[in-house]
């Protein structure tokens, strides 16, 4: 019903200039990047009802204007003989066009012209290049999702808590970095320094939150429902404080704003995305090295595996839990900054990322940092590849549905060791 | 279920009883009776939720309109006082907020910020027999809704504004364009209207890509359009256009070699959200919107009223909403919505054209019918409250990032 | 058609966790109408076998049939539907339901339990009343009637066991499988629980019990099956099994021939130095209101090896866990070199030089062996090199295990890694919980020789051990616990040749059922 | 905005159809989490199924209003199977994020232009509730009760909505008091027990998910009829969180918790909106934006305090005796 309405109105909505009715347009010859006007071409408009016709010749800038006595339906024909040598209508375009002209309206028409024999411009990149491009874009957004999700997974590993306010830690990190680096009147620090400061501040906040609020709750509330609802409450509170303080608009960072893209093998990658990808890889590798090869890192994995044994081995489990909260929150802030670099800082950017974080954590397997990182990257790539087949608009929905399908196969996640989650 | 826990029914019952008692006694006075000389107008705008960036600009416009009206003697010698509520982009909260405004005696409602929220409230608005006017709802769905005259909008329906973009592209001689539209009522309606108009004029629309507003990155969509090598690109969306334009310019769909056409007038600082270091980045981007320089340069007045506003989008339209409603009350000599609602379309298509509330009231005083033309331009609302004509201005961003008007376009609807 | 003689027949049942084979039973039959007991030392795989048969844990291989029909592929609830009802060591009752509701839950095919019937109360109101009466009569039998209307969460440990048994009986099962019904039940309730089991059997229900209390096993079992290291090593009447040398060896460790017996080291003059670790009248447990230890005192002097023995459920492990703050110490104190360390966090004890090797889950499965050892040196990383050399010298196999994931190791290898991990910082005091469990005899020898060796370097060792005999050989003194209390104590030598130790483990006891006092210990050969 | 006006506003909010819709959704959640232990974060999805079923049934398939409702309920059963079969055996917090993610992805699908011909895409579907109001026996006119006044349509909707809430609460109460309910509650406390007694636990959990989902779907139908409009922006996760907040306020697992809890919760939301708007007048420097945000900040903090100090509902001092 909406569609019919649209058609009806459009016929009437002929856009008209203020003076008498006429049919006009602009003839331009397009070759490669530039297009030149085409002068000296005669066009005639013949009224269907009255049979009268009028003529006009395209001027220096290629524009033409055929005065038309009255409103009604007209046949507009381009006299191809008067076209300059070697210029013709593209294949399959007839030289006549029927248009309706409204009362006192200047109806515009288009006659696309192309170099005869130039054939269609080279078509878009081959399917293979486009496929590769999607994988590149998917990896970049996948890495950002992995950065966002790994903090949540680490915290879940040692405390079995899914922190719904994780998104807000990300937003806070991004806003702090923005305030320190790019906001007018702010200290205008270089972004890297501002990001480091914001990581430390948000990390400390995460640690305080983990120990100050969550631990007493853990001892008091027997089941995890109370803690889950608690983090939902915190997520609301933090998000709207950020809205009240930072306002509803979105701002980009000063640095890494707009850059000339790098082109290789027909692919396009903006340096900003490249830096974001490289920094993400560096941070995730550093995290991996930390967890695998440093004393505290191993202690964190030990506590996640068996807290009571860790206590009996000499590890102060509470101190380790606090440092995991700090690390998790710091990673969230880093994820927030990286996300803001590739996109923009906004009060609810973290909240919108939460769905992707959950999908990555479930796909990869919750509790293991490595599983989650892999889950994030796979999710990013699958989302972009889905645009090959499905409309762009539902790539988010498809990613989520793919995640729940993955659960059918491996409830504990694709990259996680079989453990009882049932 | 005999649970022997320490549930204290007594506490629950006493709390409820106390409340009823307090309400029962002495509450016979009619609710929210407006004292003489005070006319309550409710605002239901998106202070939070996805469209939060337009709330402040629209609210400031309503405050400015109320000030202008009160300075000009108010409506039927009573002054406007505003009662504000946040629709938060959530149907339940908006519905509850609307109840509050009605219970506070609002005689007209300014809002809401998004077509979907308005659609969820219309049934209640019509049943409550109150008049609502929005400057931001562009969804074509609203035109077909049987609102019995209780809803009007000064924002142009997508069906009216869409073809203007097609014309701008044709005027620049483009024959192959692509359209990138936001996945909501505003974006979808406009994209489809523009595509239809361009095809009807003989052009070729290479692709109409609709994106999900909650999407975080637009690179793959822009990349798909870049690969089609269009002459011009129409971008329809809100502030995510900063990311989109940046991604387009980076991928070679720059304003100089490929025409870029977008909605609404870009605020003088918009270039910062594309590239904070280069004011010339948007040089050549064309827009179409309601004229801003109509006499008193309305945007400056809004920014003066509330410095630090992120955007002035939808401000002119919301300003006209209140003025038109006020004029309808003055023309019908009544503040009862059931009476003045029929005058709303009439005050926009009478004989005498007037551009501000004071002149229009004096014209009404002499018994003539008026056609109010505010910062939005002529609207000539039809029976279902839609603008049928639009005087639009095309703009082009200059080297300093400021949008300079190019020429006016008159768009008409039956 | 005469019904099958065997109610339950299983063949070739195997269950593996990674490289570790928990259960490997070729043949297991259970005669219809009998009370069969499944005994064996800790870690013998009894519970795992139990879970596999009842469908709560998938088997790696093997088939088993119940009442003639094969059930190895059925899910747990379908097996239960056929009349094989099992209980749980940590009672799976519903705390927020009342006691009566818990019992009524057991009934089979209750009319109102299908959704269609539930919606139309008249369909099940009458049947519900009859069910309630039936449940009340069961509660009368178990003397829980006065509690029928209270929430099950307020019941004590023993009462919970009774409730779970009552609930199982409501289902009128053909086979009742009880997982350690007596664990944590105070003596007064034990006898009544016992009577109920016998009574159930008389009414025609076959019973399969996992139980440690040998005295109980002998009193009520028609047939006893003993498992060790996942295999069935002996079957027969209670008397036959308890005297079977293989069983005794599984329980007490091999009786060493005189020649092999190392000269008892216990004879060194017992130095009266101050105890390095003193536990005084400790009461501890896990669940609120359930005390596993009910007043136990132990002393450990420098460079001394003390063994703590007693049947399972006597509270041996709880003693170590209480010292390390994992179990709740409710009364009594623990002193280390004189300072009170009751309830201090585990990591602080490690800092004071006390090492601890728990009985179960004593390695970090996801971490590699090397990483496990590094965790041992967590508190002072600078002593990592020295510690590594020390333990690899003690346990040569560690070299080749270096990069393997601890989770993939066999039982014996895990034990070595756990021991090594605790020794990384050369602790002055070492608490070992069943160090020889799951080790091959050769490996066990190595562990005990090694413990004797570190004692010479001045380390005080407190061992909780099943392998009583071999352990007693190296112990200076030994404490024997029974039902959470000190039963009696003596030097390693005295206890090694004391009949009572054997009786305590294998339940062959003289007339009085109360634990014998130290003074009337018989010295028969 | 004087005090009496504020009180009348909060009372109006407490009995409003929006509160009834949330209460009904909370009754479903009480059966899911309160009685069965299924932490379902996808109740907004079940409501969406009910609402879209009605709209699609009436507008596209030309069904009567009743036919539309039945279609909505069938959609809800489909969602319960789609969601339940793979995930109902998962641990509670795992099931929570999966149910949240699956329902959110369905919402995005309904919103996409790909499904626009069926679901109306972003703009959704309108004008399908007339069949409901046609059954309205109440003569036209406005009706007063103290400060509250409704027209005949609103009154009819309120009566039907709240009677549905009471009916659903009683229905759940009967179910829970039945032997079926006994098994459900035992599953909540410890799944091993009922399994060892031969009860097919997964089947019971699926049945509970379907029933709670159907109750949610009815809530969705009411929400759609109240607005005569169905669009994807209404069924965001916030809807589920609001229902849970009401349930927690009333005390999870109590029979009347959903009704009392949600009514109070919605009154508090209305009161804070009123108070803050009034306060806005006194503190000119607070922008309208901050007022809008302040309400949600208070909601968040309130939820956090509620969970710490009143884990079992506003009216119970100490918590339920938590089983071991």
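Note that the chains take the letters A, B, C and D in the order they are written out, and that residue 1 is the start of every chain.
Throughout what follows, a contact is a pair of C-beta atoms (placed from the backbone, for glycine too) under 8 Å apart; a residue touches a chain by one contact, two chains touch by 3 or more.
For clarity, every value in this text was computed on a predicted model and none was experimentally measured.
Farthest chain from chain B, judged by C-alpha centroids: C.
Among the chains, the centre nearest to the mean of all shown protein C-alpha atoms is found for D. Should one ask which of B-D and A-C has more C-beta pairs in contact, the pair is B-D. Between chain B and chain D, the centres computed from C-alpha atoms are 31 Å apart.
Rounded to whole angstrom, the centroid-to-centroid distance between chain A and chain C, based on C-alpha atoms, equals 57 Å.
Centre to centre, using the average C-alpha position, chain B and chain C are separated by 73 Å.
Work out the mean CA point of chain A and of chain B, and you get 26 Å between them. Looking at chain A, one finds that residues 240, 243, 247-248, 391, 393-394, 396 touch two or more other chains.
With touch defined as above, residues shared between interfaces to two or more other chains in chain D number as follows: 108, 112-113, 289, 293, 295-296, 320-322. Multi-chain contact residues of chain B (touching two or more other chains): 48, 52, 55-56, 141, 183, 210, 212, 214.
Residue ranges on chain C touching chain A, taken from their complex, read 324-326, 345-347, 350-351, 356, 358, 361-367, 371, 374-376, 378-379, 381, 421-422, 425. If you check the complex, the residues on chain D that touch chain C are 171, 174-175, 178-183, 185-186, 188-190, 192-201, 207, 253, 320-324. For chain A in complex with chain C, the touching residues are 295, 298-299, 301-302, 304-306, 308-317, 417.
The touching residues of chain B, when paired with chain D in their complex, are 1, 3, 5-9, 11-12, 19-20, 22-24, 26-27, 29, 31-32, 45, 47-48, 50, 52, 55-56, 59, 83-86, 88-93, 95-97, 99-100, 103-104, 114-117, 119-124, 127-128, 139, 141, 145-146, 183-185, 188, 210, 212, 214.
On the chain D side of its complex with chain A, the touching residues are 33, 39, 83, 86-87, 89-94, 96-98, 100-102, 104-109, 112-114, 241, 244-245, 248, 252, 289-290, 293-297, 299-304, 306-308, 311, 322.
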